[in-house]
Amino acid sequence: MTDKRQRAEQINRVVLAFSGGLDTSVILKWLQQTYGCEVVTFTADLGQGEELEPARQKAALMGVKPEHIFIDDLRDEFVRDYVFPMMRANAVYEGQYLLGTSIARPLIAKRQIEIARAVGADAVSHGATGKGNDQVRFELGYYALQPDIKVIAPWREWDLTSRTRLIEFAEAHQIPIPRDKRGEAPFSTDANLLHTSSEGKVLEDPWDEVPDYVFSRTVNPEDAPDTPEYLTIDFERGDAVAVDGEGLGPADLLARLNDFGRRHGIGRLDLVENRFVGMKSRGMYETPGGTILHLAHRAIEQVTLDRGAAHLKDQLMPRYAELIYNGFWFSPEREMLQAAIDHSQQHVTGTVRLKLYKGAAHVVGRRADPRHNLYSAKIVTFEDDAGAYDQRDAEGFIKLNALRLRLLGQRG
Amino acid sequence: MTDKRQRAEQINRVVLAFSGGLDTSVILKWLQQTYGCEVVTFTADLGQGEELEPARQKAALMGVKPEHIFIDDLRDEFVRDYVFPMMRANAVYEGQYLLGTSIARPLIAKRQIEIARAVGADAVSHGATGKGNDQVRFELGYYALQPDIKVIAPWREWDLTSRTRLIEFAEAHQIPIPRDKRGEAPFSTDANLLHTSSEGKVLEDPWDEVPDYVFSRTVNPEDAPDTPEYLTIDFERGDAVAVDGEGLGPADLLARLNDFGRRHGIGRLDLVENRFVGMKSRGMYETPGGTILHLAHRAIEQVTLDRGAAHLKDQLMPRYAELIYNGFWFSPEREMLQAAIDHSQQHVTGTVRLKLYKGAAHVVGRRADPRHNLYSAKIVTFEDDAGAYDQRDAEGFIKLNALRLRLLGQRG
Amino acid sequence: MTDKRQRAEQINRVVLAFSGGLDTSVILKWLQQTYGCEVVTFTADLGQGEELEPARQKAALMGVKPEHIFIDDLRDEFVRDYVFPMMRANAVYEGQYLLGTSIARPLIAKRQIEIARAVGADAVSHGATGKGNDQVRFELGYYALQPDIKVIAPWREWDLTSRTRLIEFAEAHQIPIPRDKRGEAPFSTDANLLHTSSEGKVLEDPWDEVPDYVFSRTVNPEDAPDTPEYLTIDFERGDAVAVDGEGLGPADLLARLNDFGRRHGIGRLDLVENRFVGMKSRGMYETPGGTILHLAHRAIEQVTLDRGAAHLKDQLMPRYAELIYNGFWFSPEREMLQAAIDHSQQHVTGTVRLKLYKGAAHVVGRRADPRHNLYSAKIVTFEDDAGAYDQRDAEGFIKLNALRLRLLGQRG
Amino acid sequence: MTDKRQRAEQINRVVLAFSGGLDTSVILKWLQQTYGCEVVTFTADLGQGEELEPARQKAALMGVKPEHIFIDDLRDEFVRDYVFPMMRANAVYEGQYLLGTSIARPLIAKRQIEIARAVGADAVSHGATGKGNDQVRFELGYYALQPDIKVIAPWREWDLTSRTRLIEFAEAHQIPIPRDKRGEAPFSTDANLLHTSSEGKVLEDPWDEVPDYVFSRTVNPEDAPDTPEYLTIDFERGDAVAVDGEGLGPADLLARLNDFGRRHGIGRLDLVENRFVGMKSRGMYETPGGTILHLAHRAIEQVTLDRGAAHLKDQLMPRYAELIYNGFWFSPEREMLQAAIDHSQQHVTGTVRLKLYKGAAHVVGRRADPRHNLYSAKIVTFEDDAGAYDQRDAEGFIKLNALRLRLLGQRG
């Protein structure tokens, strides 16, 4: 690591993605000590539901200049330009994960690079460990947007090789150590308007049920109301625009759905997933509004999207989700897939009705006006369809689809 | 249709897939009248939960010879050779449908052809309409297995162009007309050990919520127990073999899971789907045990399946599901995909624990013994890993993954 | 077929895709006789290299009104809006076929529908047989663009069940029968600016070598010049724009490449292919300029297209080619794929140099200016790269790519 | 790198993939000097066409014990277990490269690990640079087969940072430096029974035509015979088994095809490709017999493989080729794809006839006996088919394929 430190001499100013929590506070101090450079902090409001002013105060206390403390409200940009495009794709990773952490990283990276340019910084830094996916997501974003940027990833460089040693360092430097609601050092968590995740500690044995105290964004389904609740979501061109008929901006809309989801215990997920770096990890996710939105989007597509488009989307989706999970948001192939997906959404306009009850959301109705609707009761009916469909056409359809199978069967 | 009837002269003996219900009773009569040929009935026990002896009596009453009435228990074959291989693939059609009807058709077709050979029949017949998928699934199966078989699809030939006219024909020929629990002519339904489906009537408006009386296999989640229930499922090489530690054969195992699912209102689905014949239809599905099994299979794969295999499976799955939905079970491409999927299941062995509550099943734990397990707490831990993983490796990993993105960013 | 004829009563005016050749002349007469309706002829100049005025005279002789004879030069539209978009995708069907016939059909269908609207016709007709792909390509185009159009496909309706009977009909009605260069009734052929194809007759045995007299667009490679010839093609955003530095419009450019290809015997293909209708057929294709263009496009992508985009394109291509082959040009899924492909072509700008010799084209060089170029000799060099690439990064890259494989190997 | 050297202390015995050429001779010396450990050499005969005894002498001269010099003839294993399975897939990377280098690396890695086990070595080493793909291919193989093996990659560790400095080291240690036919230090090349490749030097500018002296395996097409030559290849279950009717083992068969290819200048390729490590490189490949085999395999599939299987293969192929190129031969996903591909080859049995002329191979005929053949002239004929195919079936086929497109067109 000597050569690392030698390179360190050349860092003048570094922009740190700073949450104000334990890890990034330790990193702030460590960067100052190790690199002797000016640290610029950037704290993003992505709807994680925490006060951000304490982050400002912490940074100031640790010697960051006021003009070098950036706290930005990115909630609408996050939902409009990241969450919604991903929802158009019905993206889920490994069949279940709604990508709540993955989708936030590119935006943080993008804003961090913008700040680096604005303040003339030559480096950026983040608090992600060397075992996880987030380091990859941050750094692929940095390099894509600013190819010559220097990246400092303290977890890969320092000798604080465990959470325990990190806490020792914090104690030695008077950095306050947060405790969870049980008085213990917290899980590794991430939160934004789309989701909250936790990893580590008791979750490390994937046979043990996730204890209820780990969840923070949703009520336990068993404590949810005994009466179902209904809501409607309106979509325009693939994006949600209103809840129960009330038009809402992207962030407000997702927040509203989160309220619904929280009340009914919607969107809890216990998952063992495959990280890009090659290991399996067990995590807990809460995606209350996102789970509702995902289901609703599929439902509105059911009546407005052509089969050819829908099946192509289903076939492309796992690859698209993998790209986001692995950190390739700013890549030509993600953009190509997005172009295809967005092209399909021109008529994904209409209304979906859902029922929420005890931990699950169920679609109960969907409709679109005639400019967008593709469902035809007239054709599908079991009753007389007045010639809308000629059942005899099916014979030829089947015969020609069968032809190659018959030739196979006749062989030999 | 004159030419059809002319061809009819040449039919000597036809094997009819006969449920004993209204449609196939009408067809039995119509075949005898129109083709003047001998009708052989075949009734499969696929676990649809109905008495099959009445079908024998009906057939006999309508003049079918005793030795030409076939009633076969195919439940174990159905689950072992059709449902389980499909579950290995985690197959879902259009993101949600577990293919309960689709997967039963090839087996019926196969047995029907076997009977046709045994009794020297030159034709087969079925009761599927000319608008649906089932005609395709039956007939692709027939043609693949017996390329020169004649197929009679009455719904595409006769002039009973609606359900109403069908009922008139039945009345005119003293064929009893079943009524649903509300005293009305029934929905178009299908049932087997995996699922029950309904289409038509009140379901034809996809904005209207499915009334509770349409469901028959599961309790309403609101009426399900207020206390969650837990169960475990053991898997060997991708197939479920035990529930709560009790080893069970394929059909018994699925029946057991159906009991669990029924009690807790698991597996109800309200879907607008795209039929192979080109139209959209709205259906209601109940797949109680299958929903639990699907979730559990994904969970055991989480700890036993390599990422490369898992992601390839996820990418192939939509195509595989489409093949089954469209009726191409007996096709080279489905078999190729099956070969790939089955190859991946060699180590999919272990135990999953689930919690059932008020309409939803949640995985709460999964484990595998060291011969099969790929999850390593030692590597993933946030604590000191004793060198199991060198965090510095991540730098090179990211740098080389970023190289092409940096070159893109530097262009121009 | 009685019911067909009955429907025929209702046809008032039909637009026929009319080449002026034997088949469509017979059809013109047959439509007049059978449907007693007014026939409008449409003859497209797609660069097939034939005089089109004789088609006008033939139509007039057979009683078509002058204002109902349409002869349109569609060459530039064909190349710009159909051939070039397809070339951007590097589309080949079944590994070899450059889709020369398939890509022309949608344009003919589109123009035919435009004419039908202009003249108030209620039907369209074409000369494709009931065994081939072209009927599908025409009719899917018609239906997509004008859902309520009536389609008359004489080959599927009449009793001229063979080429022999067709010729008898022609003789009986004084329709001139063309002879090939050997004095025989011709092969089934198709020609346009992109290619010429032949099927049938001596080609029907796929073991027999295609006789040289079947080829019409290229010299026999053995008769091609003994000296190689070089050329350059310039691309802008994925489309060819100049040959040997001379800027050319789409049709002129392809014609120029055809000249090169013809001289050197480039682009002959002997193929057994799988038709959409389920049978295999053997055909001969000549695609002189298209073969050169295809190779050149791949070559310019080699230095301007990112790997992620290139591999995604390669993975999507077989599906894209299949859609075009099967006639789904005017489908949402083809348009989605096109959106993805076109997005990738923004920087596919530069120059390719090729060498033509005795039946083969070889790329010998490619270059792009720094705004578009992604190839870097500085990075790839075996000599000292002055830090452009740190070879030690590869260790971490490999270690993390290997991690899951090592875990697999350690299992058990 | 100090820590590397420190780790070096613990190496006792290392198995080096030793070609006897300049690079691996330097490495042998460097390993002895740097790690002070015993070096075991392994030289594989993969049909590279060089004498291997000189490698033995060199190793002995540099102090390797006789019992630690392994020279193995792997030619048949190479073709049978690596080349042929890949040919069954019709694998080409980036549309053109037949993967001649990529496919040899896993076999070398496998044998190297076997030797390491036999001699009790704790490490393996290879001569691939830190910029290329081969390091990845070797090391992924090592780690997959022996997860705890130590890997020494000198090019990533030493300070010989260029070819020039390598040559200085060789001169300083009396290691003979080969010269190419022009008296210069050679290109970076690789050769085996399937192909020869060259990279670097004059090839580094992708605009410059590859000089003829770079090619070594094939005559210049311009110097090839003026008369075409014909040959036949027999296939059984997807693998070539005879040439011109003469049954040959795998290696002999490929050698025979190489002779044909060499004479006629077949299989030269000038390519700019995307390496797995993120950069583009320009290479020259000669794959004489492999090019013929690839074409022939596609041709025999044309008459024996069903469309569904063929198209699925075409869609899977780019991913399969990418896996081999990237070094994931020993991975679950490559094995899954292989299982699918191999399943499809059961009837790929028959004979292909090809014509070789002036740098190109052309398929001119293919046939299979009735047990395997799927091509039916009876069905495809333009003449009367005696009812083999009912052209009227096409109407229904088209109508139902068009239904969703018509609904799209009618919308709004």
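Per-chain residue numbering starts at 1, and chain names A, B, C and D are given in the order in which the chains are listed.
Heads up, the rule we're going with is that a contact is a pair of C-beta atoms (placed from the backbone, for glycine too) under 8 Å apart; a residue touches a chain by one contact, two chains touch by 3 or more.
Everything quoted here is computed from the prediction, not taken from an experiment.
Listed options B-D, A-D or A-B contain a single repeat of the C-D interface, assigned here to A-B, on the basis that more than half of the contact pairs agree by residue number. A count of C-beta contacts for the chain pairs B-C and A-B puts A-B on top. Remark: chain B and chain C have CA centroids separated by 40 Å (rounded to whole angstrom).
Averaged C-alpha coordinates give centres for chain A and chain C that are 42 Å from one another. Taking the mean of the C-alpha atoms as each chain's centre, chain A and chain B sit 32 Å apart. Among the residues of chain C, those in touch with two or more other chains are 274, 277-279, 306-308, 311, 319, 331-332, 374, 376, 379, 389, 392-395, 397, 400-404, 407-408.
Considering their complex, residues 90, 94-96, 129-131, 135-136, 139-140, 143-148, 153, 155-157, 161-165, 188, 199-201, 204-210, 221-222, 228, 268, 270-274, 277-282, 298-299, 302-303, 307, 310-311, 314-315, 317-319, 322, 327, 330-332, 353, 355, 357-360, 362-367, 374-377, 379-384, 389, 391-395, 397-398, 401-402, 405-410 of chain A touch chain B. Taken in their complex, chain A has these residues touching chain D: 2, 306-308, 347, 370-374, 376, 379, 389-390, 392-397, 399-401, 403-404, 407-408, 411-412. The touching residues of chain D, counted against chain B in their complex, run 274, 277-279, 305-306, 308-309, 311-313, 319, 328, 331-333, 335-337, 339-344, 400-404, 407.
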